[in-house]
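The following pair of complexes shares a single chain, chain A, combined with chain B in the former and chain C in the latter.
Here is the complex of A and B:
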């Protein structure tokens, strides 16, 4: 009798911890998923499949890490999807199969990504346009220009460039190592620099941050520039995987990256969340689509489940805030 | 001579500027676009062409008015585009080329819309999930569900007695049904928004939810009602769109979520709720559609529409923010 009560209390305390520490909560969900999938989904736990899941997480991770900066700052970036398409096309178009153009192209694309982010940041902070509208407008603008000029795969990358998308170190794909390095860098920026602290402050309460001497405008601009950088890295990786960019390759990344960040425990109201939460969010989404594929769930049913799960996960987080 | 010129000039200039600052930005933009159209394509202003233009604008206006309730109450509805697709595809399936099924189709279309709106509203208000995430999730669910239901492409077909609402004229006149439906929706929208307690409460909930709750407004119910209205008007929009352009693919509703939000933002609704009115939303939608026509007349490729839409929503909101500051 009392043993049952005690277990219940412990379970309750466990749930409380999970809910008060979102990152821990997300990782608990991730671990439970992994264990359940390993037990019940045939072929899931093979090393090939697990590496496959990681490989398929790279593109979404890179853009989601960037998105994390915007969301933590209380903003968001709806333009990353079309920006990725545009930059992927730019990558293969400028490289045009030439090895000597690889490094200049990568530098160019990164600069373009950061410039798009800079514009977003300036529109949000200096023109005081709501981030939803600012980045939606930017997204529509890029999409219009892109689709006026291109309707198919354009250009190509040299064989050497496929290194990023296809090579492995031992069993680990280069892309995954690259993603982890980016994650470490992003984590360092968020948690161990003045900028990171200021960003959490700005997202938590822009007014309080401003009154305590944080230049919130500049902090938010930098956050948007980093979001643009994340999109650029994704575009480069996708170009390497697909060997060329097309005007639709980035479609959906805007909403998927926001989903990943939100599933990773960051509220859209800003001030909370982090890179490791986002990484877990991405992995949860990737594992879902992986097991859907193994279990032969159709693409359409995957949409239904993904939508329902997104709502359910966020409902789980908000249940905490209400209490 | 010169001095009298300047003394009379300044007050007039000032008065003009003061007058201009009271005119909504969107009205000026709309007039500019209409004047440009007059220069490029004067035939646009023949009554028949004008009514045709309004027929094409009707769906955006109707959907935008629904979205407006949601946005005034401080939320978003990103699911209207996929709901339009669902309604159009379900109508095609239920009618299945038999005109006798018209009434049944309407029951299905509006039934689904009400359920979807209710679910959106209840998730946002009872489970406290932000509307961005809720309606994004709903978008995915609807998109997937309709693809499963139709196996990837619309089945069945709609008949002329259904299509007439979107593309037909009232017998013996040049007046499109869509135009009449649009006027009706505007009239009902204005009445609900500006002449009922419900409308005032929508403003209150968006302006300051805490104050609204403390003064006895059931915030949850108001927001849920707004989501249901948005969904129902999306269904009306679906009837118009399906009638006008048919149900040939599962992308009929694509883009309407962002177009309706763009129209409303152009019309001066503050994101986060509490400010804005129907007239603004209607002018915003008309401006968007007029801009599309203008680009068409000028021979720009279709995708450029998106770029222009992007630029003008950023511009409009930036100007509104600047005005709000001074």
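Here is the complex of A and C:
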């Protein structure tokens, strides 16, 4: 057999693997990007810079993991941005610098995040409001309430609480370790529990899932609750990092998290995608920001490039599926 | 007792029975006193023309419809199926024509969706794959349990569906036209699979048009016609000819407008010479003249609709020539076809014919907007008068031009579809199942309109699976089978028998006579 034929066969086998496991495709993009940046971007490959990239990925990762649940279920959540702002303000306000309030506050904020998710889930499944509209409405509602009460940083977190945002274990930031633990938990839920299986079924085809005995409504509500939980964890991390919450700290996270999930290989039509794909999506976006800063690309040009790359990546995925 | 002929299996206790099932829809009796039974381990074929009531029967069995009268008995117990899973709980699984699988999940994930094996809080992925492998092994089906369904061939997806049904402990399988999308080789392996299932004691209701398949696997056959059971008989006691007669034999009870007189038929409007496209159309030649209605008969999947889509620029043409009004044409998209004067009345009115939530006026105006615009500005007054004129001439019963078409009856919806093509002043109209889902009275109205259009010089190509319609309306009849035109008959003298035989490949005669046997 000729070497060419063999290479072609290998390439074909590789494409097959990509089709059965699209996450590998996302990681291939990530690796290529890392190698290219290491070669061509001065200072990129230093350990300081790489750890910096990871540290800056934590907040987006946490909210994107949550967003992954909604998207896999065929839904999405546009309220996470304002929800994060509200919960970050709540964190610093309730703690008000008191060490003894740290744990109760964290519990409270998590409960609030899950409650917002529950409302979103109920509106989407029980009132049958399109998720885009339902969560946009929720977002506006939260924003209105938030800005009527606050216009700047409010409250403060105790010095001990900065542990989450600033401490390191050896060279690794605590936040990064926390992010990886959350990723493992989310991965377990999505890939190894009955809920996860049913979520993929619901997103893939609600009708097929329903006819197979899946309680699709309940599954989607739980997914939204987990999205709310992701937003709560993000808010807590941001409060620790900024030492206080302000009503704008979460702005943009709703669209950025959806971008990360989509770049991570999950189409908005649902039923596909996963946590590791989303993590790669977040890292790809973070690396872009990082090299833009190193190369001193202007803010507006950054947006132009990000937008173009987002569209190109998704067009690439759909082209592959159509084939 | 049931008025049924003696059967080989009469002594055995049926596992599934339908007794005196009747189902009405507004204006139509879909099923009339239908009784039907299956004994364990039997393959019971259900045949009948389109519209004979097969799909209504399926929907009753699946729990999608409730019968108006009669009862369903499973394992000697009367049952009521009031939700989609009820049938499943009684051991009945239905394999639909369009598959119910998640394309981006694995075979194992699909088979165990909704009842994943657990180990503690975790889904036991390994056991799921093993069980799937064992299940597929048992069916002698070679599919990787971890393969994504979207990467499987249609035949394999069907096998996965069957495996899923069996893993649900279904011992009654209902298969709706299972071979419609399969290649010949795949048909063979599916039929073998059906026979293996039968040997395992699975009862199978096998719905198919394809008589040769039925003779290969069925124990008994029930013929439905116009919503009634014509006969149930052991397969050994009937011949193909018998079945064809039983499926179609009927008196005309519908009024059709008179055919075109020879002097009404003018020069050719459409000529096809050796048109081929993929494996769907093979060397099709035909001529359609102004003033003429040509009926295109054939089984589902014989290439009729595909031909229509080629003519309308939706599907690609590989070779051959299409002449429209003497000019060679090759449409790359529907816009070009419309501009050249082709109109296509789709069989799927709700998906392809109308924009349901929009008004009568909007729907009628859409394909002919160019005719009423000046420098990008649509002249609403011209539109209003056009809509009014068309509504009157078609006798459209609507609350007004602004009524949403979704609230119109089937017959009136079809008139709106027709109107939108009349507004384009099309010279060639292709009707795909022009009266599907339309009640009897409105049918006659549509038929008269079609004849009136023809007499005004429009060429009409009418695809229809309703033989009385084909026979009553057509000036000439072409029969398609497996992508080719296999027979041509004059409308006056053709019979249902002749058409059915040509369509199923029993015998052919006429212009393009091809070999008779199914390949």
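Going forward, the second predicted complex is superposed on the first by the 302 of 323 C-alpha atoms of A that agree within 3 Å, B and C clash if a C-alpha of one lies under 4 Å from a C-alpha of the other, contacts with A are read in each partner's own complex, and residues count from 1 in each chain.
We take it that a residue touches a chain if its C-beta (ideal position, glycine included) is under 8 Å from a C-beta of that chain, and two chains touch if they have at least 3 such contacts.
No experiment lies behind these values; they were computed from the predicted model shown.
In the overlay built on the shared chain, the residue A:145 is in contact with chain B alone; chain C does not reach it.
Of the two partner chains placed by the overlay, only chain B lies in contact with A:315; chain C stays clear of it. In the superposed model, A:181 makes contact with neither chain B nor chain C. In the superposition on chain A, A:204 makes contact with chain C only, not with chain B. In the superposition on chain A, A:194 makes contact with chain C only, not with chain B.
More chain A residues lie in contact with B than with the other chain of the pair chain B and chain C. By the touch criterion stated above, A:271 is placed in contact with chain C alone, chain B being left untouched.
On chain A, the surface touched by chain B in one complex and the surface touched by chain C in the other have no residue in common. Within the complex formed with chain B, the residues of chain A that make contact are 123, 127-130, 132-134, 136-148, 255, 258-259, 262, 267-269, 298-308, 310-311, 314-315, 318-319, 321-322.
Those residues of chain B that touch chain A in the complex are listed here as 76, 123, 127-130, 132-134, 136-145, 147-148, 152, 258, 261-262, 265, 271-272, 300-301, 303-311, 313-314, 317-318, 321-322, 325.
Contact residues on chain A toward chain C in their complex (touch as defined above): 16, 19-20, 188, 192-194, 196-198, 200-201, 204-205, 207-214, 271-272.
Of all residues in chain C, those touching chain A in their complex are 84-85, 100-105, 109, 113-116, 118, 121-123, 125, 146-148, 151.
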